[in-house]
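Report on the following structure.
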Amino acid sequence: MVDQAALENDQPLLVAEALSKSYGRIAACRDVSFSLYPGEVLAIVGESGSGKSTLLQMLSGQLTPSGGQVSYRMRDGVTRDLTSLGEAERRFLFRTDWGYVHQDPAQGLRMAVSAGANVGERLMAVGWNHYGRIRDTASDWLTRVEIDTARIDDAPRTYSGGMRQRLQIARNLVTEPRLVFMDEPTGGLDVSVQARLLDLVRSLVAELHLAVVIVTHDLAVARLLSHRVMVMKGGRVIETGLTDQVLDDPREPYTQLLVSSILPP
Amino acid sequence: MTAMIEIADAKKTFTMHLQGGIELPVVSGVTFNVNPGECVVLSGPSGAGKSLILKMIFGNYRCDSGRIGIRHRGAVVDLATAEPRQVLNIRRSTIGYVSQFLRAVPRVATIDVVAEPLIVNGMARADAQARAGELLHRLNIPERLWQLPPATFSGGEQQRVNIARGFISDLPILLLDEPTASLDAANRAVVVALVAEKKRQGVAMVAIVHDDEIRHLIADRIVDVTSFAAAA
Amino acid sequence: MNAPAYNFAYLDEQTKRMIRRAILKAIAIPGYQVPFASREMPMPYGWGTGGVQVTAAILGPADVLKVIDQGSDDTTNAISIRKFFAKTAGVATTTATEEATVIQTRHRIPEATLHDKQVLVYQVPIPEPLRFLEPRETETRRMHALAEYGLMHVKLYEDIARFGHISTAYAYPVKVNARYVMDPSPTPKFDNPKMDNCAALQLFGAGREKRIYAIPPYTQVVSLDFEDHPFEAYRFNAPCALCGAENSYLDEIVTDDKGGRMFVCSDTDYCEGRQAAGHHGALSAAPYKEKAHG
């Protein structure tokens, strides 16, 4: 696992500085800043229209900010402004060092292609050229996300929603990314399926020392998975801090409202 | 500073925005030290702010002003102004917290709940589970329960799992919120013994105990929290 | 009434210049699909308009033209196109591969080894090798530009997963000059090795899709595969029934309605040449003999 001293000396992996995005007069996102370190899980929590999805798009380089910047520390140790990356570099990053888990797994998978090919695609994209090894690696990953390996040749069209989502996670993690973006990964799933998925994500994050930015409207998900949380409303960050701090000792009116709205178990 | 914990003039007021912005000052001027190997017990009536102070030391509740000095890896860090990342590091390697009620991630087996603090710090799973097993034995949790998540256990059993988890690693500071509250005499004795062992290892502890007898057995000093009551 | 007068090879000179520019660009970037302003030709899309436009652009009065369709000079389409150029360009035509300077082909590469004075023009239906995996043109262009070909291997992976081997039998994707992945047109994979390091210039025209691409002479062309499932040239079990050739691509001809069949060279010129040279197969003649058409 990790060397404690090294952990504390780590440089930030992802840095957002004064990020904002406006569409004409509408400010979707205003002045968001934070640093994310390796192995940290940051939850961005907010209700619809809070700007959290816009923020995630900017952080993952899919949307150009109107103001501010996002920087990422590449594998060679150099921190680069995302907008300074060429398109080829950014696409490569997206396929190797980063993962992006969509809310709707159909958007993050090739539905007509077998599960094994879905997981193996990123490997083939970085030059793996041995069918046997690709298949074995894909098979390993299916086991890790608790999908029966007998289904490796089935297309995700034949999978249930929870299985598709787990397959999406395997597809993203096969290249051992350091940073994973998740957009409401449990949205639309049955409660028991959600629970299983969250447990899986939690153990994979710990095991692989992943840094994660997870967007969710569900405070329980934030409490379970994240170290830090950022509460957003109307495009602004209302409150930020350690997850247990913000959820146990909410300071801002909006945060207090959100926390008090959780149904007791 | 040789003390492990040095709190100076800490203050906490709750603002209830949902209730029209009522302000509830709870504590102010909180000042005391805790040295290695000593156990300070916070005393005072219910609602006086004992648990609150404990949570402030853990960084769970933020304080409005004042200083919470923690000796972390040889240097002194003010928890009140520390970066979230620092607080996480301090929790990982310096301060442990045994809450009043077990708060565990659902669906995780008891043995893993207890072993987790060791695994997170790099110990191999098998070794960590072995240590966890020893503690669970001492706290009289039968082995047949180890693979079950603790959510279905009795209050007393849950609390003993909580204690095992809190005591398993070698953190130099331990915060104990009512560690013996739901326990029978035999298990109370086990906890007292565990606390004594920690003292011999030089661990600094802050505890809240209602039971007079236990308090006499473990307290080196008593700090009366009512002296920190904030003016309403 | 005057007979219609055609410009040489039907197309006007400006169009030929446009197509030649596209061809030059294609040669400069082996395997890259160059868009061009495909003209309306006197034959519908799907009947070789791309190949015809390329041939029309490069033909000169001294050229000798051969046209084959599935290896044969005698099919309707081959004859029509040969007549078309005979009429509009007045060039000499031939069925003999070694005599031709320009060979327009649909779906086969001649068996005879081509030499450096020849140009092979392929008719291409769908030029984009990734089209069936990625329907968006915007995305496939990006993939070629960034050399993102993982998806192509996904297709091969799927084949192996489903059939135990790469089942693609024709239009087998190749990598040209170690850069662009290209669709060689629906030639059988048997023909793929002929494209590698070929002395002749190879030009590809897709009329409906409006793309031209090229492989310059002596260019490396490698069929895509996996290390543990390497590309294997196809081998037939028996030689040609007419000329005994063992290394040529064979057509299956049903001879009667009792299940009788024979395997005969698809390249008619090659087969006839061998028979004229004295080689014979198990059967002495084709079940029927075509009358030679001009």
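Before moving on, here are some points about what is shown:
Per-chain numbering from 1; labels A, B and C assigned in written order.
Please note the rule applied: a residue touches a chain if its C-beta (ideal position, glycine included) is under 8 Å from a C-beta of that chain, and two chains touch if they have at least 3 such contacts.
Just so it is clear, the model here is predicted, and its values are computed rather than measured.
With centres computed as the average of Cα coordinates, no chain lies farther from chain C than B. A summary of chain positions shows that the Cα centroid lying nearest the centre of all protein Cα atoms is that of chain A.
Computed from the mean C-alpha positions, the centre of chain B lies at a distance of 79 Å from the centre of chain C. The geometric centre of chain A is 32 Å away from that of chain B, both derived from CA atoms. We define each chain's centre as the mean of its Cα atoms; on that basis chain A and chain C are separated by 48 Å. In chain B, no residue reaches two or more other chains under the touch definition.
The touching residues of chain A, when paired with chain B in their complex, are 1-4, 7-8, 37, 40, 195, 199, 202, 206, 224, 227-228, 241-242, 244-245, 248-249, 251-253, 256-257, 260. Only residues 15-18, 55, 59-62, 84-85, 87-89, 92-93, 105-108, 119-122 of chain B touch chain A when the two sit together in their complex. On chain C, the positions that touch chain A within their shared complex are 133, 142, 146, 148-151, 153-154, 157-158, 160-162, 226-229. Across the complex, chain C is touched by residues 87-88, 91, 95, 110, 113-114, 116-117, 120-122, 124-126, 129-132, 134-135, 152-153 of chain A.
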